[in-house]
């Protein structure tokens, strides 16, 4: 566990280096005469670092005179926000990786043409840096079950799923493969299905919707500091959020679904029963999963329920089709999944979407960067809101990953450290790591 | 060879992360109220990246408003220039590593007091990040001889030797241990002896001075593009440089020495003989080493000569004593090793040296950052110049590594890429890396 | 005319210096220990220059090390956007000027308290710099009529009227005083009345609404390049804009009004007649003013109409009362004058307005920074739009001028030069200025 | 006196605007496509402001995205440091002014060609801005004597003399014209003669060397806080400085000279006598001038002495000839006037001087920027030092002014304010300015 949380197999470091090699090649190209006529003010590619470092969010680089290139505004993001990470997780082979890296659009020229990584001959060396990292990492659980841990694109700005290669490897090695799609199902499941599944051709047999009594009470309006106490009133209102997710999975994506209550010690039997009853009305089974306390045995009921649902006849669907224009794609996600009444964007953002459509990126899926705390873009809007407005603040092309990011609301791609950072308590005492968890 | 040149065992990545964690903690401390009263203009600690990226040499960070901290001028250096790398190579144990990391002086307060890594509680977490990297890396040569590759402090700004722990491990495992001290012997041997040996208590039995006929001709005044042709005239003048190095090793450091000519295919027999003769006059043996062409067998004569010298009676010496004040230390190096007539420094630099002496750092050895192309600070001054002036441009305290860096001349701690960078030709073709060498 | 357009009497230079003295005193205070604990990231006061210079819109100052102070993000604006200019135009005496300058809030401390110009003892010296400039400048027209030209606050960010002192002087010297309120009447008249008249206690007897046939056609939907041709169809639709202004003046402000058509050579008689007829339906007289071609004689009819309206009984009103909270003030302007359906603002802007209300600035009038091309914030929405939304993007306190600026839409406080700047053609030929007009 | 110290006739404002117009045109040209291919990193032209504002010494401009141009490093200087000021003072007519403004070299192109103000068509509009300022300003003393105050180039970076036009006007109006050359005679007289007189063809008849007993004691080694007490010992040593100046004027420039002691109330008769005696030995008369206490009457003796020296036969000389190469010019000034033993410069500075020589600027006089506190570049080296080294740190071309600035030592072209700035005490009380003097 410790190793996984420290350097693990060095994949993140390799991804960071591949990202930063491309960044260095861009500025180097400009400094040496700028044959491609890159506009230094229109470089979209950013440097990354595997550290929460707010001081690097907005910087000016290239200062200090002619030997240091041309000054320009730049930003650092964290490694998991790099498009290289997203590409890494969607690539199906080293060749596909190399081709996708070459497609990355890093900047535009002074007259508006895109500049790609392959124009800078960067993709070959980037692939070399990633060749070992692309092999999935096999670890085992405390009960010696095999698990693959591979890749981790930021759920905020990218699609948030592990690598296609790891999922494919797992499917060859086991009868049942469980994969995680982070954040709420409006973000995690939506991106898993509309991006990873669409891109890879893989589809799940069953969806497990993981919920906690705490979260249900939170969506019922409870103060976050009061979530550890029984609150039956909140359980009357809170399940609306869960029901919406269940409805999305079953009606929109047409997937068989089961709800797993990830049990906390202080969850009361009445609370769990209240949830079970509500979902039963929708014809969905609710299983209490107690693996935190009991290990694998605690999730056996859940496993059985999942196995039982496998083979349910039916054909899953996506929210939108490849042929839908970008604007229609985001509208379908917003209206169908989020239940927004409207999608808005200022004229610059609309123009950018129109330009991407014209430039041939219209077939790409959209990847929404949005808060995970609400179906809406307002983190404080709990439950199952309807009729809210989805405003697109910024659009980013991920031409190598193969999607268009729609940034809705304030999304941070470089976190900061808290007043007392974890590092404060981490230490090596008598050769043992303390304070890491 | 490929792996060693790519990510190897991830040591550099770990060192980079430890360095950047400390950097993030500094800015984070300031952003959260700055209890230590760090002067944001007097932060000496710099971020690093394992990439030649000139755009990061001089930057402004912390822009973008209150959420991003306080704007300030900053610099990135390459990983090997980090003091963490120097500490890593001088540390004798995990405990020593942790203690040295805590001693790093990262900034000063508004009223001039030093701020250390341990004041920010950074050293524990940094040690955790480095705990696996600190174990030496054992590899083998093409002929299956064991070799330890561990650490690589930038010869420009640090002491340029591999880790003490690796050397100690090797001494326990083998009868004879060969270690490399980079750059010319005025830099490499001087730092190896005056810093690494002094700090670790280890001392070599024999010094091997590696020379090439090319370099000797270069010091004889030949145009770099003409070094592959026989030039007996240049061999009359060029050996002066080599003789000076030999003299330094034998008279200053009192070490038995042998000269190894690292043979190139186009070296003529007459050229080699000319060098041999000159050094014979000093009573020093010259051995032609042909391992590039012949493998280990090609260096057997050299090995025999070294073994023969082992056990030569005598007691090696340092250029200066621990008790010498800093200014006297740099003067002794300059006058004894470089044969400078004088050491100069402007009033700010002199004041800084005086302050370090007063603050108790007077016992530290000095670590000279100087060109490797000349005994002087002028890279164009070849041969064995005398009477030149050593100007100290900048002084940096490496309180954790335990030395004071004296920057003399223009020294680059963040290189840039050339017009056609190596990355241009590096690629993965049919699963094989091409273009890396 | 030339002198007026060059340095004139140096008033702008004096205002710029007073503004920049205050700016220098702020950074100087911080550099010398920052006794007031000013947060360098929360300085609202900006430097100014009397030049359209886009490179100065966003800058970083204080670079270069400890001797140059603390780095921070800053902006330059043009002189006319300085709050000193607004204060200058609203001040009723040197003492009032000095007191208002002292009230300027330039920054906030780290714990959120306001820092005023008087805390820096800047207002005395600023007053000294302005003491001569505060005297109104008397010039004469080509027909030797007296005219006072004094002050010019940017209509974008400030209230856009000449000085109170000049208006008061004129009222003592003449029977009738004509004063200009810039931009469309939704901006110019609104600010003239709700800010300058409210603050000074002066009220006009009559409003003259100046229109052009060109502008009416533009609001009728005509392409700007086609405005010089007769277009009776556009004249059916365009007057709606003018009618709205007339209605605002008469119903909202309860002022007698006359419309003056500022005649262009290519205006057709039919076009003018169409406008006259439309306004006659509202009971408002339309006079064709031909002073551009005929001098004072061309405006004699207009003058007679104005004189006739003077003494019309009635009592003018404001859009809002001093006691209305800030949010209600902006809502009243938006709904009554602009006919917006709603005022919006993000949570930061709302919080700032609430804070200003709590801090005692609730009695200040609001000063809207908005496009002059439309009643709405969308410059392309011509005619007399209704039901649009007024979004407040930014709020600025002008505590010395005595108003709160509500920035709605993109407003530029530092213009840029065009590709071919006027300077290109300006020259001194045989001692005569050419190219200035 | 008050007016002169505030805005006076607005000349400085006009010079600042002309300077900043040129600056804005440079960045504007780059932003609009950069037809001249200006290298944004090689812009030498700086913005100015008439304010001591250290925060503007080193800045980054052009931030904020494509609408704001290209980011680059920039600096502000004070108005008197602008080359426009130097040009203004050397111009002989409006036509000459215009031509010189056009010659200003503002930047270089990417391939190293100079970019001039006239390439940007800036000189015409700059001349228009300066047309009234170029007329000399006539004021009167308290005793109603006429005085011309016109121009004020920074003695640090420029030649430090008033305008040629003012001097020529005075020569037409009066029998005797007195003009001031600022700082010590090694700077002031040298530049007055070698730059202004050489350029204008005017030559003085007599030199008046103004000294104070305080300054003589200071050069005799007295602590600055002890200068108000009689100190005969210091008067034995201090006059060496004065004697050196006298010798320079008489032997180098071959000018008749008289020494004026600008009398302070606490100067003792013995002290004055001691100076008089010393200079009498050199055959130079010393006159006590008491105009501070007595007005014009107090300087009558001095006036008589000057008149007596007028008409002394002889022909003044310069330190160097127009044909001397730049390096020889600075060497002659250094060795003849400053009595330095050597002129040094690093390779970049030497290359720049060589390039200027090759580019045809070899005929320009040199303008030394150096401390006024010593004949050397070390402000602490008092008296009449010999054998010191003059290091040229930076070279600046003033192609419009017609000289090459050699910056020796630390010279500030943007001063900062002290902890308690004068503004602190300046105020307007009952309509009267207080605290200005």
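Order of writing sets the labels: A, B, C and D. Residues in every chain begin at 1.
Methods note: contacts are C-beta pairs under 8 Å (C-beta built on N, C-alpha and C of every residue); 3 or more make two chains touch, one makes a residue touch a chain.
All of these numbers come straight from a predicted model, not from anything done at the bench.
Q: Note the shortest touch-path length, in steps, from chain B to chain D.
A: 2
Q: So if I look at the partners of chain A and the partners of chain D, which chains show up in both lists?
A: Touching chain A as well as chain D, we find no chain at all.
Q: Need the most distant chain from chain C, centre defined as the mean of C-alpha atoms.
A: The most distant chain relative to chain C turns out to be B.
Q: Centroid from C-alpha atoms only, then distance chain A to chain C, rounded to Å. What do you get?
A: Once rounded, the distance between the two centres reads 48 Å.
Q: Taking the mean of the C-alpha atoms as each chain's centre, how many Å separate chain B from chain C?
A: Chain centroid spacing, chain B to chain C, equals 65 Å.
Q: Just give me the whole-number Å value for how far the CA centre of chain A lies from that of chain B.
A: Chain centres of chain A and chain B, defined by C-alpha means, are spaced 43 Å apart.
Q: Of all residues in chain B, which are in touch with two or more distinct other chains?
A: In chain B, 60, 63-64, 72 touch at least two other chains.
Q: Any two chains that touch count here, so list every such pair.
A: Touch list across chains, by label: A-B, A-D, B-C, C-D.
Q: Would you mind writing out the residues of chain C in touch with chain D in their complex?
A: Going through chain C, the ones touching chain D are 6-7, 10, 13-14, 17, 20-21, 23-25, 27-28, 31-33, 47, 49-64, 67-69, 72, 74, 94, 98, 121-122, 124-125, 127-129, 131-132, 416-419, 421-428, 431, 433, 435-436.
Q: Hey, which residues of chain B end up touching chain C in the complex?
A: 39-42, 60, 63-66, 70-73
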